[in-house]
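What follows is a group of structures, each given as structure tokens.
First chain A sits with chain B, and in the next complex the same chain sits with chain C.
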Partner chain A sequence: MSAVLPAHGHADDHGHGHDDHHHGPPPGLMRWVKTTNHKDIGTLYLWFSFVMFLSGGVLALTIRAELFQPGLQIVNPEFFNQLTTMHGVMMVFGAIMPAFVGFANWMIPMQIGAPDMAFARMNNWSFWLLIPAAGLLVISFFVPGGATAAGWTLYAPLSTQMGMGMDLAIFALHIMGASSIMGSINIVTTILNMRAPGMTLMKMPMFCWTWLITAYLLIAVMPVLAGAITMVLTDRHFGTSFFNAAGGGDPVMYQHIFWFFGHPEVYIMILPAFGIISHVVPAFARKPLFGYSSMVYATSSIAILSFIVWAHHMFTTGIPAAGQLFFMYATMLIAIPTGVKVFNWIATMWKGSMTFETPMLFATGFIFVFTMGGFTGLILAVTPIDIQLQDTYYVVAHFHYVLVAGSLFAMFSGVYFWLPKWTGHMYDEGLGKLHFWTSVIFFNITFFPMHFLGLAGMPRRIPDYATQFSDFNAIASVGAFGFGLSQLIFLAAVLKCIKGGAKAGDNPWEGAQGLEWTLSSPAPYHSFETPPVVK
Partner chain B sequence: MSASHAPAASATAGSAPTSYFIPEPSSWPVKGSIALFCMAIGAATWFNDLPPGPWLVAFGFAMLAYVLYGWFGTVVGESEAGKYNSQVDVSFRWSMSWFIFSEVMFFAAFFGALFYARQLSVPWLGDLEHKLLWPDFGGQWPSAGPQASEKFTTMGPFPIPALNTALLLMSGVTLTIAHHALKDNNRGRLKLFMALTIALGVLFLGFQAYEYSHAYSELNLKLTSGIYGSTFFLLTGFHGFHVTVGATMLIVILARCMKGHFTPDHHFAFEAVAWYWHFVDVVWLGLFFVVYMF
Partner chain C sequence: MNAHALHSNRETLKKLLVIAVLMFGFGYALVPFYKKICEVTGINNLLKADVAPVNSQVDLTRKVVIEFDASQGPNLPWTFKPIANSLAVHPGELTQIDYEVVNTLNVPVTGQAIPSYAPRNAAQYFKKLECFCFKQQTLAAGETKRFPVVFVIDPDLPKDVGTITLSYTFFTVAGRDKAS
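Right after this comes the complex of A and B.
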């Protein structure tokens, strides 16, 4: 088959029947193994992340089953620590991050009018590196000593002591880091170099903008994580003293290096979500996005600020008062660009002709619940309060509000929004709405009580607790199982949509804007063979 | 230098390409993943004294080398077949720049560890609060920490590191001469100065190997010499690894020059390797000043 796509003929703006005169995907399993197609790779990313989401979810449900009552019922404390650690690692590196890369793969070439990603072969490797990494994580449960149990942050000196599972986790993170860096270089290059003629940076869809900035963050901080875990590895096996005070090192130094990665990482997991919401809200309010350029500047500001706030994760581990003040105020500053975004979404809705199909439901739910997570973040930024709340369930509630109701809900919104474009079919609106309402209700049943648990002083990452915490824990566990089961509705809705359903037009949404809606549904195998002209 | 103007040109989203390049389906990536999986399992078992350990690492490494050879070979073939248009060229420029940026950030983590140890953790360990634990520890750099059992001597900037600085700076000059020769289509001069650049790089590595053996045998400076040994060997070691990779890349470029690849205005592979070599050079200057000199 030909490797070069010639620019033949007409620029078919509506994209009908683009693939009839051109090669489609090769048949069989090897299509997926050897693919250099951005849609195939995007699909692989999305399914991989969904499998990891369910696996990490099973770990979470085991945790919640154990915490349903005080006392030890189901797992022993050592295994409980492995569960909390691997739940975090799998959700962050296996579910949320790859899912957004899946969105990027599917949508960025279509949104900027390109045929594919800039480096289609490297794109394949970015995905296929995730499989050995996930394999290492799964294997680590079965080696002597079990999986790493140091928490997803892998703090020294815990991480410098554990068994072989820790080494496997370190190598898994190295490989996933390489995958992220390659994926990000690909995305940055695609956005900067493959845009259709006329699409200046400030005409670019918000999802591409947020991913451009996310990719920059990833390239900047994934190597720092690689450095930190390499130091852990050499401390473990080669006698170095980076995190060993007896040798002149400092375990707190690990926290500094880790959170220099870790805080930008938090925004890596939310900025693409902002991008998705910035497409869904205008489409269903039938109004252009309010304050596009301020959205771009706000996203950039969040990215820049993310590099100077890391020590707010360390208020209790020993930093000078001047440092606490600096990191407190710097952290609070982030509320400003984030507020700009929330107000812009609300202003977009203002006086719009709104309808609430499933994508819009999830987007509205996102704005409401994510903002609550933002507020608790602001509360946690206040040093004296954080000193009380550090490592309590209040923190668990906070970051699940921004990661589950934030990142995850935005992804659901995006999936329902673009499923018609991906599959050519409309999803089942009833199933979608059911998925939304069960998710949002059970989410709040699960995580809202955790605020109270944290304020009352229940520490996180423990398998047993004082009886005074029993009621709220029981409620949270019931909610968690409801939330977990709700995700099977999502699976059903997606499978049903892939198999059939009402035929989707090129633009099934009245108010959706952008180049991807000029293509046929399902989108042709190679998105734009000739560049469309953007005016 | 074409280094600077090319990315700027694309930021205006201007020129419409007449055709796009998309590579055919490829099995190199998945083979590379298998290689890395073997290396990871091999290293994890090796470090914990379990089988198969080093054998699996060796197998994985051999497979990775095979993948890199084959994959880059494919890319070279596509380039020589003229499949890469100017848009692909600009993509390569962007990606190499961002890759080098990621490398800068990797070294930043280790430089950061060095600054943290020198400015914060070692002085803290010597302060009043710690006198109860370690009454004799002064908190002075260089240090192997309050519980160091053996004395060691630090590695000074003279003569070898200074010599190595000169070697790397010289190699940057010879590489630039080679680049100009390529642009002037003076192939003889190009090959001569490429060979000189590689020789200087290899000489650097030879001196560094000698320096390491000197550190272990005469200075009692080891990887286990507390935080000084940790930062010294990991910073210089990762730099040495990058010199090795860079020299390998230079050798590939020289081999391609011998085969008649590259034209005076189409030779981004050469430039990419040159960028990388200069990056390695700059990292060394940082090391020379903060690790050896001060």
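Right after this comes the complex of A and C.
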């Protein structure tokens, strides 16, 4: 989004100027290919994830078009399975995760007063690895047998049997995993070693804290996913029997290994969102964040607990009652640190002088709708209820409430919040507000009926359904198209803001705190080459 | 960036890389770990002889219908069927049923049968004392074999279970055949 950054944008560097940095980005396309600048790479990540978001969205809309009426109208069941699978893979690994890395690239160095990321060239590589990975996913639609249709979780024994689309998906995940691990190593190193003098860990902005913990989670669990899909790959082609019952393996073991990655992954996708909200709410309540240290401890406890709850995804696989009880209680325990966070945000708002510009609207919407998703999560944690609701639309409603209204809304909030810093222009408040209201309304039209569908027993990942589910499905499909189209408003708002708009001051928000707001807007191409001193 | 900062960054990079590599190994270490858990807790004990029920009193007051089912996994050109589709037995009564397997290929093939039960909660009361599924079976080219299954239904079987289905699926022992 810094595409129009003037080459001399660092002219006003608040006295931190150096003689040797009178150079901006080189012109032309090669700037983006070869860039090692954290702001450029952040921009690349954000655009990449937005493209993936739209692509995954088109798959989702095809699913909703098929489900608009009972019966089979648009796609055949095999292709429908590919759609649900690839929608999940693209949104999780292509949209949400890279978008947060984009935020990390842009904001972490500016928030901790570092000149760039610790390993600038590795940073470039972690981004460019994503392109071949996305290419493999796209190509997989066109190979014999089509794309993988085993669900985004790639459960064995489906995943050990499918055609070569599955192999392409495995390679894509390997590459994306490698990219994530490199990105995370970069983030941890930057935060631990390159903070400005005086910025102790407990003075660090919340976004950096949440990303530090997220990055550790990624380093811990992405290799486990890599291991699991490598086992699938060797089962498929090299005669091993990790998950092949005939050779003494066990398909349920895949689920255990996958969810050891998969549950921390869920928090990987939400912790940075918590970080963004912890910046936006104080800025627009014009009060410091309530309970900063409890926020840090709550984030850490969520991360630690995330390692001991994986089997709640597997209550119907026949695990013993003692195991079910353990995982049920451990899962419910997560509600406590999450509740601490929600109450802290509300306490931050309490008696604040609040205004509701677009970032704050999205943050408030996030708190409201994410909390609803959190509650349905708590309901699903109860083993006997989960056994009823397993693989129904209730689960689909739950995780879209936390992933779309959670992670995605938080990212919208963050984009509107920092766009003035990134582009130097104010975005169009009218477009922003329109984007918020259409998004939040259509989101609920889409996903709220899915709770009822799930409670009534409609299974997910099925292209057809019994006629009694027709009305709610039609409503959800209408909502989905509305939600999809609303995102074009976002695109328009961002493009308009890049092109021009009211000039943004260094700190366009009255209540925003932090080092990034001491820089000029747009942020100079090189910032904090001399570290600021934090008191 | 000065030399000192560069050095400490590289040190952090190394430490984090070690964690990543260890976690990759940890993923693989979960495999024997889960095998051990299953062994110790007796979960997933499909391929071993069960211990005969403690209560050996035959329950003559009721009969349970045992249905036998047989199927093949993909790529296994065997015909595989039980000699009877169902039997009515008293709980506690020692029973034998034979399965007939024909290798229709003109090369030897090795297979492994995997049992499953319906309803699921009946599985723990179905005690197989002898079964061809306890090991891999090799059939010579065109060979026909009869395999016995000896089982007893635990008399503690809940009264509401009137029918139990025992289903076997024979799989090729993959890979080993391909590799050879």
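Going forward, the second predicted complex is superposed on the first by the 514 of 535 C-alpha atoms of A that agree within 3 Å, B and C clash if a C-alpha of one lies under 4 Å from a C-alpha of the other, contacts with A are read in each partner's own complex, and residues count from 1 in each chain.
One rule holds in what follows: a contact is a pair of C-beta atoms (placed from the backbone, for glycine too) under 8 Å apart; a residue touches a chain by one contact, two chains touch by 3 or more.
Here the structure is a predicted model, which means the values were calculated and not measured.
Asker: With the two complexes overlaid on their shared chain, look at chain A and say whether chain B and chain C clash or fit.
Answerer: Once chain A is superposed (C-alpha atoms), there is a clash between chain B and chain C.
Asker: Given the touch rule stated above, what does A:Leu201 touch, chain B (first), chain C (second), both, or neither?
Answerer: The answer is first: A:Leu201 touches chain B but not chain C.
Asker: Looking at A:Met164 after the superposition, I want to know if it touches chain B, chain C, both of them or none. Which is it: first, second, both, neither?
Answerer: A:Met164 contacts chain B only, not chain C.
Asker: Which partner chains sit in contact with A:Ser470 here, chain B, chain C, both or neither? Use first/second/both/neither.
Answerer: neither
Asker: Which partner, chain B or chain C, touches the larger number of chain A residues?
Answerer: B
Asker: Would you sort A:Ile219 into first (chain B), second (chain C), both or neither based on which partner it touches?
Answerer: A:Ile219 sits against chain B and chain C alike.
Asker: For A:Leu129, is the partner it touches chain B (first), chain C (second), both, or none of the two (neither)?
Answerer: After superposing on A, A:Leu129 lies in contact with chain B but is clear of chain C.
Asker: With the two structures laid over each other on chain A, which partner does A:Pro26 touch: chain B (first), chain C (second), both, or neither?
Answerer: After superposition on chain A, A:Pro26 lies in contact with chain B alone.
Asker: Figure out whether A:Asn193 sits in contact with chain B (first) or chain C (second), or with both, or with neither.
Answerer: A:Asn193 contacts both chain B and chain C.
Asker: Thinking of the overlay built on chain A, is A:Asp250 touched by chain B (first), by chain C (second), by both, or by neither?
Answerer: both
Asker: In the overlaid three-chain picture, which partner chain does A:Ser294 touch, first (chain B) or second (chain C), both, or neither?
Answerer: After superposition on chain A, A:Ser294 lies in contact with neither partner.
Asker: Where does chain C run into chain B after the fit on chain A, at 41-49, 95-103 or 149-157?
Answerer: With the two structures superposed, the offending stretch of chain C is 41-49.
Asker: Quick check on the output: what are the common chain A residues between the chain B footprint and the chain C footprint?
Answerer: Residues 115, 118-119, 181, 184-185, 188-189, 192-194, 219-224, 226-228, 231, 238-242, 244-248, 250, 252-253, 256-257, 260 of chain A touch both chain B and chain C.
Asker: Going by the contact rule at the top, pick out the chain B residues touching chain A in the complex.
Answerer: Where chain B meets chain A, its residues are 7, 10-30, 32-34, 36-37, 40-41, 43-45, 47-48, 50, 71, 78, 83, 87, 90-91, 94-95, 98-99, 101-103, 105-106, 108-110, 112-113, 116-117, 120-122, 124-125, 143-148, 222-224, 226-231, 233-234.
Asker: Which of the residues in chain A end up touching chain C in this complex?
Answerer: Contacts found on chain A: 115, 118-119, 161, 181, 184-185, 188-189, 192-194, 219-228, 231, 238-242, 244-248, 250, 252-253, 256-257, 260, 318, 320.
Asker: Show me the residue ranges of chain C that touch chain A in the complex, using the header's touch definition.
Answerer: For this pair, the touching residues of chain C are 1, 5, 8-9, 12-13, 16-17, 19-21, 23-28, 30-31, 34, 38, 41, 43-44, 47, 73-74, 111-112, 114, 120, 171-176, 178-179.
Asker: Contact residues on chain A for chain B in the complex?
Answerer: The contact residues of chain A facing chain B are 1, 3-7, 26, 30-31, 33-36, 114-116, 118-122, 124-125, 128-129, 131-132, 135-136, 139, 143-144, 163-164, 167-168, 171-172, 174-175, 178, 181, 184-186, 188-189, 192-201, 219-224, 226-228, 230-231, 234-242, 244-250, 252-253, 256-257, 260, 526, 529, 531.
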